[in-house]
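Look at the two complexes coming up: chain A is in both, with chain B in one and chain C in the other.
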Partner chain A sequence: MARYDRAITVFSPDGHLFQVEYALEAVRKGNAAVGVRGTDTIVLGVEKKSTAKLQDSRTVRKIVNLDDHIALACAGLKADARVLINRARIECQSHRLTVEDPVTVEYITRYIAGLQQKYTQSGGVRPFGLSTLIVGFDPYTGVPSLYQTDPSGTFSAWKANATGRNSNSMREFLEKNYKETSGQETVKLAIRALLEVVESGGKNIEIAVMTREHGLRQLDEAEIDAIVAEIEAEKAAAEAAKKAPPKDT
Partner chain B sequence: MECVFGLVGDGFALVVADSSAVHSILVHKSNEDKIMVLDSHKLLGASGEGGDRAQFTEYIQKNVALYQFRNGIPLTTAAAANFTRGELATALRKNPYAVNILLAGYDKDIGPSLYYIDYIASLHKIEKGAFGYGSYFSLAMMDRHYHSGMTVEEAVDLVDKCIMEIRSRLVVAPPNFVIKIVDKDGAREYAWRESIKDTTGAPTS
Partner chain C sequence: MVKPAKGTTTLAFIFKEGVMVAADSRASMGGYISSQSVKKIIEINPYMLGTMAGGAADCQFWHRNLGIKCRLHELANKRRISVTGASKLLANILYSYRGMGLSVGTMIAGWDETGPGLYYVDSEGGRLKGTRFSVGSGSPYAYGVLDNGYRYDMSVEEAAELARRSIYHATFRDGASGGVASVYYVGPNGWKKLSGDDVGELHYKYYPVMPSTVEQEMVEVAGA
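== the complex of A and B ==
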């Protein structure tokens, strides 16, 4: 099999594109990222690996704005992310310039996915080693959307999804616990999913909330800690209720 | 016959432009907005070739927005002015844009500023300036009555004096003007000065 992962353009005899699969491995090693779509709120969360003491954490932004109404979080190679995000930002403005309309979430997702696919079918280049979670509101209907792309260039819409490290556990949790939420409930659901795989605490999680009126807002550590405390309290209450059986049987 | 002029006051800058869209001897519309709100705290008043004006100013606006997304902070007025001048200069010896620009902005630590950028990419930082045939009259009025640190009322009064001069002395004076202001609270439309309202709706038969 070693012969079939040299140049990306080569299929292996059993139909694999090994470079793309290796790129997906790189994604699996990246930090955990989760996205949840509510009725009026969309939440993105990423795991923050412990920052070095001397590092200025403000320069390490993992959830970014592509336009006023679109945001992106990713898992995988951060340098590749920078390049992809730059291209997407240019495309957002270019679209506004040519058709005088802001992009829809689906359009920019399709663009990013198209870019990722191009690099799986060109000579001498390797695929982008990242999967993205793209969220936003439709500029005219106000409908919220969440999309995911991966290194192969496929994309699809989701109600909630996770990518990166331990994404399977997070996705399982979301499948079990997802329901239509709004506002703070959506934020809590996203944090609860992240807490399944990440050490709890505001220091290890970065959360950004997008609403139609206020765009993207990064929550600060204190806010996250407060919500985490709420979640822990709810969990403890649920445990206590389970342990104490009902008096009348 | 396009008139654009502007001035800097105490903590604000005003840009005034006529609002006629003209082609040869025909006035297409008299409520054309030629002062673009570049971002939250910048105004770009442009006069010149119709297509070039819209094309160039929109291009500058989208690039200013892109800078903000890329870097997380907006461009300063000086930086935006220099970028605009650079784009005009690059196009100059290939495909020049026939657009004259007054760029006004407010920066938190610098205050209000006004930049004069003409179609051959000269750049000047100024307190008051004007383009077009109207400039013969508005510059003269401003030279006479302008002083630094004017209040909004004084400045708008001066603007009205300039508009009066243009209306009475310029042979094909534009009928309507728009006044926009930029200060610490942002860039916004201040007022219209209309002497001909665009009639809309079918005449009753």
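== the complex of A and C ==
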């Protein structure tokens, strides 16, 4: 085989699906996004590229609701995201109609991943160029979950994960610093992970917090700035403690 | 279109301890009794039962199909389907065949995460949630006894006896119902068959034959 088709999703001689891999490249160029699961709180954070002065920032929501108890953040092609999100929202309502029950996080993740997979094995289409982080609470047991899907259509559950730009550094940070948290601590952990790769400040980060009782709540800039200040203070205190000689030897 | 009469008596009700499901076992083709031993309570899965009224083939097939869908749901979602969900799946299927001659009048009874559940589903596409239902040609008679004797706080034995008596009374008056009165109980650990009594024997149990006083016999007239 002198030349094989790279234009649509077919196998290469060495077993790759190039279109899927190229889609992953698109994800790697997208905004950084992080998700952290706590015991009673789940936090999603995305990097916010500075909004143009004339742009109405309220229309550029990067963290969206799929249903009252499920939220999604993604990295990659935002137009593809819109299509996927709309299909997922319809599926959430369709599920409520056919079994009179809200979807579980796992169900809707499986649906989205299934959709992404379908577009790697259909004629005339290209894969979706985005990875998603899906969070929510199980409607009956109240257990929080965080899932990630990618353009190949695989999905898995995570305690904390990152995707998009510099996701490896964020993931490394999370691996080193993750512990079971709740409430505000979970929010801080997510912001700390994002701050590893994003310029500090409330206007560069978008954070949404989900709790069982209150659903999804977007933090406003002032709140984020306050938490960032707290984190910086903690960091400075830790640095100072390291530098100072240990009091009791 | 002539609506096929559902020659049968089935009933189900929710009470404190769970769900009681009972049915007769007669199949009739017009005036001919084709069978006295039809299983009208269908085991969809270990914690859900369906009752049969209407076309036997339709009920059997679609209940079996529902059992398959419930199992697939379990495998895909790693949890049991709710009674609400199962009854809705069946109702949606029956609705899509509306007008094509299916004859199904069924009750889906089960125990799920939210407790006992009971739904009535029929081939018109109707679906009702409730605590007491009776379906079939014998249902008016069964309702009479059931509604009269029903209390929420009954024990399992009391509820079983009420169900049994209701079926018996329906078979007594309705020609299209008879055979064996089966009684099933659905509790937190699934369903259990409690009894299957021939309604003829039940009749004599409820109304034993009393030796009647013998009328004046002829007496030998003494003398003239």
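What we mean here is this: the second predicted complex is superposed on the first by the 238 of 249 C-alpha atoms of A that agree within 3 Å, B and C clash if a C-alpha of one lies under 4 Å from a C-alpha of the other, contacts with A are read in each partner's own complex, and residues count from 1 in each chain.
The rule is simple: a contact is a pair of C-beta atoms (placed from the backbone, for glycine too) under 8 Å apart; a residue touches a chain by one contact, two chains touch by 3 or more.
Because the structure is predicted, anything quoted here is derived from the model rather than measured.
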Touched partner set for A:65, first chain B, second chain C, both or neither: first
Partner chain in contact with A:107 - chain B first, chain C second, else both or neither: second
First (chain B), second (chain C), both or neither touched by A:122: neither
Touching partner for A:168 - first (chain B), second (chain C), both, neither: neither
Touched partner set for A:55, first chain B, second chain C, both or neither: neither
Partner chain in contact with A:96 - chain B first, chain C second, else both or neither: first
Common interface residues of chain A - those touching chain B in one complex and chain C in the other: none
Chain A-facing residues of chain B, complex: 58-59, 62-63, 65-66, 69-70, 72
Chain B partner contacts - residues on chain A that touch it in the complex: 61, 65-67, 86, 89-90, 92-94, 96-97
Interfacial residue positions of chain C with respect to chain A in the complex: 76-78, 81-82, 84-85, 88-89, 92, 113
For the chain A and chain C complex, residues of the former touching the latter: 98-101, 104, 106-107, 110, 140
